[in-house]
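Below: one structure in structure tokens.
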Amino acid sequence: MQLGLVGLGKMGFNMRERLRAGGHEVVGYDRDQQVADVPSLAGMVERLTPPRTVWVMVPHGEPTRSTLRELAELLAEGDLVVEGGNSPYSEDRENADFLAERGISYVDVGVSGGVWGARNGYGLMAGGETADVERVMPVFDTLRPEGDRDKGFVHAGPVGAGHYAKMVHNGIEYGLMQAYAEGFELLEASGVVTDVAGTIRAWSHGTVVRSWLLDLLVRAMEEDPELQRLEGYVTDSGEGRWTVEESIRNAVPTPAITAALYARFASRQEDSPAMKAVAALRNQFGGHAVKSSDE
Amino acid sequence: MQLGLVGLGKMGFNMRERLRAGGHEVVGYDRDQQVADVPSLAGMVERLTPPRTVWVMVPHGEPTRSTLRELAELLAEGDLVVEGGNSPYSEDRENADFLAERGISYVDVGVSGGVWGARNGYGLMAGGETADVERVMPVFDTLRPEGDRDKGFVHAGPVGAGHYAKMVHNGIEYGLMQAYAEGFELLEASGVVTDVAGTIRAWSHGTVVRSWLLDLLVRAMEEDPELQRLEGYVTDSGEGRWTVEESIRNAVPTPAITAALYARFASRQEDSPAMKAVAALRNQFGGHAVKSSDE
Amino acid sequence: MQLGLVGLGKMGFNMRERLRAGGHEVVGYDRDQQVADVPSLAGMVERLTPPRTVWVMVPHGEPTRSTLRELAELLAEGDLVVEGGNSPYSEDRENADFLAERGISYVDVGVSGGVWGARNGYGLMAGGETADVERVMPVFDTLRPEGDRDKGFVHAGPVGAGHYAKMVHNGIEYGLMQAYAEGFELLEASGVVTDVAGTIRAWSHGTVVRSWLLDLLVRAMEEDPELQRLEGYVTDSGEGRWTVEESIRNAVPTPAITAALYARFASRQEDSPAMKAVAALRNQFGGHAVKSSDE
Amino acid sequence: MQLGLVGLGKMGFNMRERLRAGGHEVVGYDRDQQVADVPSLAGMVERLTPPRTVWVMVPHGEPTRSTLRELAELLAEGDLVVEGGNSPYSEDRENADFLAERGISYVDVGVSGGVWGARNGYGLMAGGETADVERVMPVFDTLRPEGDRDKGFVHAGPVGAGHYAKMVHNGIEYGLMQAYAEGFELLEASGVVTDVAGTIRAWSHGTVVRSWLLDLLVRAMEEDPELQRLEGYVTDSGEGRWTVEESIRNAVPTPAITAALYARFASRQEDSPAMKAVAALRNQFGGHAVKSSDE
């Protein structure tokens, strides 16, 4: 089918490739004219035959919001917008209502798979009206991995459910990575296992902990077996925070996911103010030595 | 090759099947005569041609220790014992030294894969002298998944390293399961996603969180989509505790794995004594209502 | 000085007593006419001489908001409202702006001390303009504990800072209670210490862990040494959640405070959905026994 | 009464002062002849009239064990040894049995209060036979804070109970300090409260979080309001680790205390190997930028 695609970064660019290989007609727009098929959003919309479908794949927050505002002006009744970025689910209802005023439909989709999705297909979680989701199904069927539709795609619920599912997916992802990372550190620190990289590689088949993330860890360790070339500095892009905020809103204890989030926070601190306070206290009551900050 | 196998429970029984299918001659002993090939340990040893290899696959602790003591009497110089149960690595050195006094070699092996190993092959982590590990290699090659040896088997280091690797593997397993479990609970609690089972099934291809454990969760939810038939009661068999103890010994922070262990502890409590204390405190300072235990 | 006081519950009632004992003229209003000095908010305002000061001490959320709306109608330019409830700091700026449109000043105050404040004095944290805070100082000086003003009162910063300080105070309170509670549970569970109540009482002087909360725990255990009469069920009234949300917003790891919050969440669950998922997984891969929910 | 005191470091030195001020005859021995009253352990024992009481106050581990071995040779039937250091409770039974072979009694005592105990008195937790504990009571009564005996002293149970109580006390102490430290860091990071030191000082009276540790934090911040002169580097001396190990042994969830322990571990790491693994994974699946370690 015909699709407008806004945002041709790491994710959008690859998706365009996969969609075209699947026989779809994709008109891609990006601020970067090197990769864009059209010079402007308006140009993209002109190239599409109504009723149009436009997939938005730009960073969440202001970039997504301004794109939707622009599209609301350019699109017409009967068109449909797919929000495929990592927007917080809490914004989907508002987005949908805003577009509905102009008769434009809205589907939110969580897309997982990273840079590998181009080859393997993307895991997709959609939220919206059934008719709207069905309308985009040819595109979903090409983007998702081959095989059964329900193992790689889900219509998770009403508007917002797609991003909600993706948010929880990413929260889980934080926890999974943290678990592997803790195991890796313990293996390295204890020294009992002398072939750490080989041990992790051996886990990739037959074991209970085998997974795609483990395969990626094996891959990373092929180039750098002790991960010495990297700094233990990890940013976070929102979904982990939202997952914990949602767990608080719903009174659900999520200690492992939260531990993963906090480990990232700590990884970015030069020094821990909290630990300064503990050092100060120990010095006060026990005369324990402290390190002064200019040592 | 020829192998004595002690312990024909869920793991040992399946391993015998896989080994025989792979062309090995297995003499299996178990206290349960229904499954045993020989009536006694002594009978098993008699049936083996020196230098013998005996694989011990019984519960850790006293069952393993008493089996090793008996084998020490029955075996002879040049024989080799493989300890394949989930023993704590801290006991391997002692086991090895005890058998070495009689000229018997010792290899410890961590075996992962559960009841699925019979079909898929088992992930194997071995500890011991290189010559000893090499000697058992034909057996390892049959037990492990097909394909490259190093993706399903590792000679992790000296005696103890096999069980150490398995211990950390299980610690990671705790963390992975906890991460999925927290995500599942949040999806159920929030109600935004209306097809929770379908969402988790959709994660099984293409996504970052795809894994064998996820496949098993999908499988469990096929029969019981909201897991209503189960109680949230989870035992633990040692490796998770040992992982945390080791992390403390090595001053390695393992918050996610520890959270998983503590969640299991809490799952087995009728009521939380700690929370009684918090309730008592809130009642004292704020006059907050408490629930009396006979409500 | 003269003060209108709205809300005569557990906190407000005691505060009126302490203020009157300190020589202030308090006109108290509450929906409960049994405790109110006046029949209506309007009646209260009429009884005050401009420029008036009105202290609002009602539950946060809608009760506080509707009280402020009503007061905005009744008060006049030059009057001052003190918001002394446990409102989230994020609402203070809005409250202040709303009242400022009518020329009414706004001070937010965090009040700590619980039911004991009547006797011991309340710990007070104020946010607002310096002139506004100074204007209420006679009231603060009576409410706070005797002794140095700066050990029981702080002008913490601009509007919102009082409630922010109180929020963090309560977050810390969660962590402190959790630490004592965990220690109590370990003492009870291990059985090595045979006089648990006596041990905790002995900590009340000389030790590093002595505190007012410990004194309250000692008090609770005088009546019920093993806290058997209580259920381990603990509610939460918002500040703990907000503290964790703020820690996420500021990328500050707060694992102990978060653990305390999650322990409360778990205390209110009949069964843990997350642990159902872990039980299901263990059953799938290892054939581990599960408890069915109707056992 | 007459008392031999071995170990005159920060704790022992102060205790000798307090005991002498209380009218006891103390013969102190230390390897440091500057502070010792006698040139040798043997000299100390000679100066004491049987039946002797000797208080050992040296670092736990080998120093304590070798002191007990030496004392076993020098003392005689009917004498009594008090182990007042921070020994793990698991060693007390062995110590007691070893001395009992020579007819020497044994009492273990946990001593809290740090360098302030000299002035305020020490919180004391004793384990042992009732008759033995009674025998040392005059010394306990002088060391503990003035006032009721049971608010500063407890006979916690049989041999080992004193150190067990002290271990849990220190575990709680870890949790309390962590809670204050997290609150401090959040106040500093958010910037909403402009007078952080003043806010913490204001908590010292009237509030729910008031405590001796808070007083010490106020004291530390008087000299260094933002704790800028300190490094966030915190060692640990064993009791925190033992508390978590015991919680695992007893299947008691202690997430706040464990969080405090792990925060100390992390405070001593130059870089986090676990976070290297997370960074590596994110780079693999998402092409997320990483910091190379030589940046």
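So that you can tell them apart, the chains are marked A, B, C and D in the order they are listed, and the count of residues begins at 1 in each.
One rule holds for everything that comes next: contacts are C-beta pairs under 8 Å (C-beta built on N, C-alpha and C of every residue); 3 or more make two chains touch, one makes a residue touch a chain.
These numbers were taken from a predicted model, which means no experiment stands behind them.
**Q** More contacting C-beta pairs: A-C or A-B?
**A** More contacting C-beta pairs are found at A-B.
**Q** Same residues or different residues: which describes how subunit B and subunit D meet, taking over half shared numbers as same?
**A** same
**Q** Find the chain most remote from subunit C, comparing centres computed as mean CA coordinates.
**A** Most distant chain from subunit C: B.
**Q** On C-alpha atoms only, rotate subunit A onto subunit D and read off the angle in steps of 5 degrees.
**A** C-alpha superposition angle, subunit A on subunit D: 180 degrees.
**Q** So the centre of each chain is just the mean of its C-alpha atoms; given that, what is the distance between subunit A and subunit D in Å?
**A** Each chain's C-alpha centroid was found; their separation is 47 Å.
**Q** On a C-alpha centroid basis, what's the spacing between subunit A and subunit C, in Å?
**A** Those two chain centres are 38 Å apart.
**Q** When the centre of a chain is set as the mean of its C-alpha atoms, what distance in Å lies between subunit A and subunit B?
**A** 32
**Q** Quick one: which residues in subunit D touch 2 or more of the other chains?
**A** In subunit D, 114, 178, 180, 182, 185, 189, 208, 213, 251-255, 259-260, 262-263, 266, 274, 285 touch at least two other chains.
**Q** Considering only the defined contacts, which subunit B positions touch subunit A in the complex?
**A** It comes out as residues 89, 112-114, 117, 120-125, 144-145, 147, 150-158, 160-161, 164-165, 168-176, 178-180, 182-183, 185-187, 189-190, 192-195, 198-199, 201-214, 243, 246-247, 249-257, 259-260, 262-263.
**Q** In the complex of these two chains, what residues of subunit D are touching subunit B?
**A** Going by the criterion above, the answer is residues 208, 241, 244-245, 248, 251-255, 258-259, 261-263, 265-266, 268, 274, 285.
**Q** Residues of subunit B touching subunit C in their complex?
**A** For subunit B paired with subunit C, touching residues are 10, 114-116, 177-178, 180-182, 184-185, 188-189, 213, 216-217, 219-221, 224, 227-235, 255, 260, 263-264, 266-267, 271-288, 290-295.
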